[in-house]
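In order of appearance the chains are A, B and C, and numbering begins at 1 in each one.
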Amino acid sequence: MSIHPTAIVSTKAILGENVTVGPFTIIHDNVEIADNVVIESHCELGVTNQRTDDRPLVVGCNSHIRSHSVLYACSTFDSNFVTGHRVTIRENTIAGKNFQVGTLGDIQGDCIIGDYVRFHSNVHIGQQSTIGNFVWVFPYVVLTNDPHPPSNIMQGVTVEDFAVIATMSVVLPGVKIAGGGLIAAHSSVNRDTKENTIYAGSPAKAVGETSKIRLKDGSRQPAYPWPKHFKRGYPEEAIRILESIASDYE
Amino acid sequence: MSIHPTAIVSTKAILGENVTVGPFTIIHDNVEIADNVVIESHCELGVTNQRTDDRPLVVGCNSHIRSHSVLYACSTFDSNFVTGHRVTIRENTIAGKNFQVGTLGDIQGDCIIGDYVRFHSNVHIGQQSTIGNFVWVFPYVVLTNDPHPPSNIMQGVTVEDFAVIATMSVVLPGVKIAGGGLIAAHSSVNRDTKENTIYAGSPAKAVGETSKIRLKDGSRQPAYPWPKHFKRGYPEEAIRILESIASDYE
Amino acid sequence: MSIHPTAIVSTKAILGENVTVGPFTIIHDNVEIADNVVIESHCELGVTNQRTDDRPLVVGCNSHIRSHSVLYACSTFDSNFVTGHRVTIRENTIAGKNFQVGTLGDIQGDCIIGDYVRFHSNVHIGQQSTIGNFVWVFPYVVLTNDPHPPSNIMQGVTVEDFAVIATMSVVLPGVKIAGGGLIAAHSSVNRDTKENTIYAGSPAKAVGETSKIRLKDGSRQPAYPWPKHFKRGYPEEAIRILESIASDYE
């Protein structure tokens, strides 16, 4: 346990073994941090507002929250949760194992996120978003929820397993991005998509099967489904899942 | 009055009744904060640079500045000014009543913003922007000002009352977004627009009247002008204005 | 030398003459700061991770790092390095003289940046990017590197001297933006471009020579090459270069 003397940690907060809390970080009452977790400097954990109740912020074991991050109460993160710098995550977010969210990430709360999901930098996840397992979201992607703003109607976006949304794309409210799909960079998707299909443009149209894209490493092997060639950074049990997926496509 | 012992508040700063200042927040000399204001942690208020003079930063009553925000000197915010986290607002910004700017908002200064204006997360407002009343700007929208960058020519954008700019759109320098208009998501607007009209695409074209869009709550009522159905979060006097607008359209 | 008492500065860090370190800023061991440098509040300098070694973070003389910025170890910045607020720069970044990066800038590391380069707010520079001299990048521009994400293949973007990338554009992996070129706002570039040419659209197409764009100050002079009319904020030796470039085009 190493809590920096300038950190402000509530005595009601529950911290596990080998937890590090950096300088100028604030940890409020309703926070439960498991073993082997690093919370870097200038963070604020367990923030409350008019929508939070007394459910705690829960951070699973082996997690790493980088500097300047703000996590609200009433959210639960499983083991190996890793953030970049300046990440903001609002209340009622539930995320599975090995969730990674890059610098400047902004998750608005009331979201369900599966296992082994990776968001790159500067991603905005609107309320009511539902994200499956092994989903990839790249920089400057926004998932919206108000179909005719401003209104009281919220239609969250759904992104299914293994889908990939490339840089600077918008997913319009209520749209479902099907499993294994690829949304090309700089696109806006206003209709549900089909599995394993590339969508490009604004509004996005189907431009072909994902397997048509070849790896640019000289192997000419298909770049998708990506589990066939990409397993970097995943733990053992995730790699077994990726390998079973890959064999399904043989 | 509750100022956290780790906050650094200048003795020259003028604070009203019931002002809260969070941990690790810095308040410089030239700052005037009215009654019932909350300034959260890790903020810096009253920042000066080569363009500021001795005019103060003024924050109206009942305001709430969330954590990690930076507000420069020589700007004035009326009552009920509310920010998300990590908001940056440069010098010579003047904003009216109930101004709300979401997390990561970046206002570059030399801007005039009306009453009851709401910016969602990650909005970038270029210098010389002029924003009317009851304007809505959604995530990742940028208002520009240099028509052929880099140059010394600045043509600010104007957004008129009740206009709505949807997610990830750019408004080109000098463009006027007419009252009641709707800029579709993922668009770029390089010409002045007409009132109560939808513009979509890059470069954006008119695609119809805003009233053609129906509420997706089963009522089939027009979603615009939005004051006819949306009054959430507005104070009493604003609701009276919205209701008079709505009746004009009967 | 003025180090705020709340700053945490490692005794191993090497600070030059007339260095200011603001409140709540952390400076780790492996940091070398030259003379006449201002490091504002809430920053963290010299951050290490599994990719850094013992090479220091070097900040050249006359630099100004604004608040809430995070600079990793193993990067080198020449003299007159200026940042906005909340800038994040990862390891193995090398930047030349007078490098300016605006608020919310996110440089992912393993990048080479030339002299007199200016990034506006909220720019995302992917790993393996190579930026020439006198390059301008405007808000919400992303330089990517994975051609079919996720994969282990990284093809960095190259931006040549005097090129300008306007607001909210994406440069696809491995693309080279030729010298003196202009990428219009809200575009995505998936092919190499020609010198002194405007590219617009998604995917971007050539729409004419940059010299066809006229200054909107009534002079009707060509707006490009921009060194012919724009020298604001550059030091003497840079202005001599700009003037020689301008005369080449006579």
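Here is the rule we go by: contacts are C-beta pairs under 8 Å (C-beta built on N, C-alpha and C of every residue); 3 or more make two chains touch, one makes a residue touch a chain.
In UniProt terms the chains read A, B, C = N-acetyltransferase.
The structure displayed is predicted, hence computed values, not measured ones.
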Practice task
With chains as vertices and touches as edges, which is it: line, ring, star, complete or other?
Solution key: complete
Exercise for the section: Rotation angle, subunit A onto subunit B: superpose the C-alpha atoms of these two copies and give the value as a multiple of 5 degrees. Expected result: 120
Exercise for the section: Round to the nearest whole Å and give the separation of the Cα centres of subunit B and subunit C. Expected result: 28
Problem - Residues of subunit A touching at least two other chains - result: 6, 24, 42, 68, 86, 104, 122, 140, 168, 202
Handout entry: subunit A residues touching subunit B - in the complex, by the definition given at the top
Key = 6, 8, 24, 26, 42, 44, 47, 68, 70, 86, 88, 104, 106, 108, 122, 124, 140, 142, 144, 147-153, 155, 168, 170, 172, 187-188, 202
Exercise for the section: Under the touch definition given earlier, write down the residues of subunit C that touch subunit B in their complex. Expected result: 6, 23-24, 41-42, 67-68, 84-86, 103-104, 118, 121-122, 136, 138-140, 164, 166-168, 185-186, 201-202, 213, 215-217, 223-224, 226, 229-230, 232
